[in-house]
Amino acid sequence: MNKLVGAGDVIAQLRDGMTIGIGGWGPRRKPMALVRELLRSPLRDLTVVAYGGADVGMLCAAGKVRKLIFAFVSLDFIPLEPYFRAARQSGALEVMEIDEGLLLLGLKAAAMRIPFIPTRTGLGTDVIKHNPDIRLVDSPYDERQWLAMPALPLDAALLHVDRADARGVCQVKGPDLYMDDVFARAASRTYVSCDELVEPQFFEQDEEARYVFWERAETTGVVHLPCGAHPSSCAPLYGFDVKHFREYTASAKEADGWAKYYERYIACSEVEYLQRVGGEAAVKKLPLPVF
Amino acid sequence: MTDTALVDAIICAASEAWRNDGEVLATGIGIVPRLAASLAKLTCNPDLMMTDSEAWMVAEPVPLGPRGDYVMRRESHMGFARIFDNVWGGKRHAMVGPTQMDRYGQANISMIGTDYRKPKVQMLGVRGFPGNSFNHANSFFIPNHGTKVFVAGEVDMVASVGYNPARLARGWRLDDIDIRLVLTNLCVMDFGGPDHQLQLRSLHAGVTLEQVQQATGFPLHVPASVPSTPAPTAEQLALLARLDPHGLRAGVFGA
Amino acid sequence: MTDTALVDAIICAASEAWRNDGEVLATGIGIVPRLAASLAKLTCNPDLMMTDSEAWMVAEPVPLGPRGDYVMRRESHMGFARIFDNVWGGKRHAMVGPTQMDRYGQANISMIGTDYRKPKVQMLGVRGFPGNSFNHANSFFIPNHGTKVFVAGEVDMVASVGYNPARLARGWRLDDIDIRLVLTNLCVMDFGGPDHQLQLRSLHAGVTLEQVQQATGFPLHVPASVPSTPAPTAEQLALLARLDPHGLRAGVFGA
Amino acid sequence: MNKLVGAGDVIAQLRDGMTIGIGGWGPRRKPMALVRELLRSPLRDLTVVAYGGADVGMLCAAGKVRKLIFAFVSLDFIPLEPYFRAARQSGALEVMEIDEGLLLLGLKAAAMRIPFIPTRTGLGTDVIKHNPDIRLVDSPYDERQWLAMPALPLDAALLHVDRADARGVCQVKGPDLYMDDVFARAASRTYVSCDELVEPQFFEQDEEARYVFWERAETTGVVHLPCGAHPSSCAPLYGFDVKHFREYTASAKEADGWAKYYERYIACSEVEYLQRVGGEAAVKKLPLPVF
């Protein structure tokens, strides 16, 4: 089985109106090259589910997002994501704003093919008020009401990993998987970009198979995209690009900032993109973040 | 009082939040909370668990900023997914910085404005506030004590639950909520007043009771005696110098 | 027909269970199911996923018994906890060996007897049968086809769901249940008869229809034509020799 | 913080009638030395929750178990556990017999402090018939009934790990954690025996901290018991003791077999036990099982 495809092939599998989950966390291990390919496409009316960073910001800026299911959108060292912020403040964005843990529970429920998971999280907050679709349920075992976090099934998940093979075996060696395994399991189709494409034999060595966190049956397509997470990080291979993120956020302060950013960094091939951000060698030298 | 002296006093007062917690995960988001948690672990509660703010639990607090030769003392893997195992289990005490807080202790970092569909100011989103606030102990640090933060009504988006009986779901009690200290640039407070009213615990050097009340959009409970926030000890200052080798805490109130 | 020839024919017929499954986890519990799954992966469905029966997914089936110099070709970690992620996701087809099976395909490995509180014979417990049978495809291998296994009524403890409308919970349909092949020492069957009736697919060499019906405690559906179970090909036999280097399959029907 | 205690101290913390979870799986990484200490104690009327092997068999033989919550009891290579079997067939054992996955869901629910997790698992089976306490619930999001697997909170969990330090940081290097992390989180108190006692610095090396699967706050007490899993396995340190398990199961065929087994292997110290089963060096040489 050969699951190798191009980024364009991945996007061609998506449809207007789909629910798309995006892996990673804030400015970390986001499938940015796939997101850029999505930005180049005519796709629209998407429901996006993410622990959001610039992936969400850019999709908002480009008007791709009909509804956002999120707990936060942030670049961490730049707390406020400017394009997400602008989209919200314009009143144009439909949102399901929930707790980080509720988002995880919703993905878990979808992965387990159950309709909901009960939790106390969200009770007493405006998460309930602004999401009337989220219901409270009784427990047959106690006298309490519980928030029934509904399953969040995804039509597709977009993920970036350290390395993968053509069978769809994916490895994350970085210190944090984030929730990528749950995104993969919650999705009908999972498309993964990888920094390094390896032979199956790679996973037979030493403890390499330990760092494989979902079965290859959960992976639909694999795209080989070195530095495909840039400007987000892919620890331990490279850190996030502070300079690029600053340029990106600064662009939002200009009247036609997004158009300029788009022209320079999206309206080109990924090969050109990598050249414009300094080249693969420079990206690989980006230091890991220190907190 | 210099900014540095003030922030040091606040950090030391904030570190007290974890004194009697036993073995819980101490999470401090932002410079002051993180230094406070770090200081607590090195002084009043060595059993605390802490992370490197990324994916590892560490045996000793990691200094702020660029680390030079410092090597993290890893204790266990602690990726973000496992943080939720910890949160849902309740063995955590976080200190965070909300943008608004109301008389109930309800807090907001999501958005400002009266129209949720079209915020005046969009901020981060609710992040983990709903889960944190109903699963484990929470304290707060607010660097700009004023009526825009401590609002007269409810916060614009209740991200964090507080002692508000009207919002309790059936079968739950206010005792299921556990807000500890609220520290600001003016004072230290908690919700130990009558009926969980916000009350003064101590005033920072040079701050008056009237100043605090005027900067708070709702009535505070004032106990018979309100001490001054203690000045840091020499030991605490020495530890802070080690934990913040680049002196980042000096900029907490703006340069 | 020798025992070895019979078991080889059964294994080859059983391997067909996975032919059209695409990329699912093939789990065969016991010698015949495991060899059948292994054979399927090497012949009709190379996309199958398999484990080493412990904690690793492997790129090629692991031979039975002591392995000598053979080195497992690891593909991913797959501890027991992750098996449940896979089960609950539904991308699995297991072949297992129940002690009893009834006309609905309901199966039992828990206990024998009419008094659940005091079993006549206690066996393993329900194991993963309830979850497997309602989450993914299942096939069965039964080495001793007889009326004690294929019982007249319901099995003594329904561990595995079958096509029994009376037991469906509200909102579920029989289509949510997916029983594939039932292989025995006499024949190959499936539940493709009218109203999910158990039906004959093929008879092993030398076995008669009457023999099968007498050994089954309920009526079988018999299609107009019932072929013989095919004999293994030379390629299949060669692969089986590699997958079972110690010839353990010869002992499946007792030495 | 020093959590080092003796096996006797652990058992002294337990009370009649408690619900005790036991980690491991069948004949693998069972806290057998702690179980033997429990067998030596006057404790009784226990509710035991386990993926059961000889741990459950011995506790049944000794009459310690009032109620067993289980999906199976088996030694794998010896499918039927003789003493568990005898206890069931005598009609003396109260049971909650559930699916392996339901057991996991029940522990997960307890770990998350929620009353239940909905699932399709168990619907249509006699698991429901024989466990009338397990309720079906409606979903607010679909028209189906779901089995509401109740939380299984544990008063205490007994686990065995490869190594631990005095702070309660535990490491499992073997290929499978089984469900030990969930047992630890589901329990009010978790007592862990370890083959090797290490200094905290051990976990600072290389990738060692990767193999720590729960926070030390989940560990109440640590007992240093080399070969403490014997006769079950503690891969990669040692396999299970086929010969010993055969002797144990054979004992059940004799009229006073349990009394004899007890006299020889339980009514002694752990030091004597290790001598009687061939000594630590011999145990460490037990081959890992091959399937």
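Every chain is named by a letter (A, B, C and D) in the order it is written, and numbering of its residues begins at 1.
Just so it is clear, a contact is a pair of C-beta atoms (placed from the backbone, for glycine too) under 8 Å apart; a residue touches a chain by one contact, two chains touch by 3 or more.
These are the chains along with the protein names UniProt gives them: A, D = Glutaconate CoA-transferase alpha subunit; B, C = Glutaconate CoA-transferase beta subunit.
All of these numbers come straight from a predicted model, not from anything done at the bench.
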Let me spell it out: compute each chain's centre from its C-alpha atoms, then which one is farthest from subunit C's centre? B
Centroid distance [mean C-alpha coordinates] between subunit C and subunit B, Å: 58
What is the distance in Å between the mean C-alpha positions of subunit A and subunit D? 39
Residues touching two or more other chains, restricted to subunit C: which are they? 56, 77, 88, 135
Could you tell me which residues belong to subunit A and also touch two or more other chains? 112-114, 119-120, 142, 144, 146, 210
How do the chains pair up in terms of touching? List each pair. A-B, A-C, A-D, B-D, C-D
Which residues of subunit D touch subunit A in their complex? 112-120, 135, 137, 139-142, 144, 146, 148, 150-151, 207, 210
Complex contacts: residues of subunit A adjacent to subunit B: 25, 52, 70-74, 79-80, 84-85, 88-91, 97-102, 104, 119-127, 129-130, 136, 142-147, 175-179, 182, 289-291
Subunit B residues within the subunit A interface of the complex: 52-56, 62, 65-67, 77, 79-81, 84, 87-88, 110-111, 115-131, 133-135, 157-162, 164, 167-172, 176-177
Of all residues in subunit B, which touch subunit D in the complex? 23-25, 46-47, 49, 56-57, 59, 71-78, 82, 85-86, 88-91, 135
Residue ranges of subunit A touching subunit C (in the complex, touch as defined): 1, 111-114, 167, 169, 185, 200-201, 203-204, 208-218
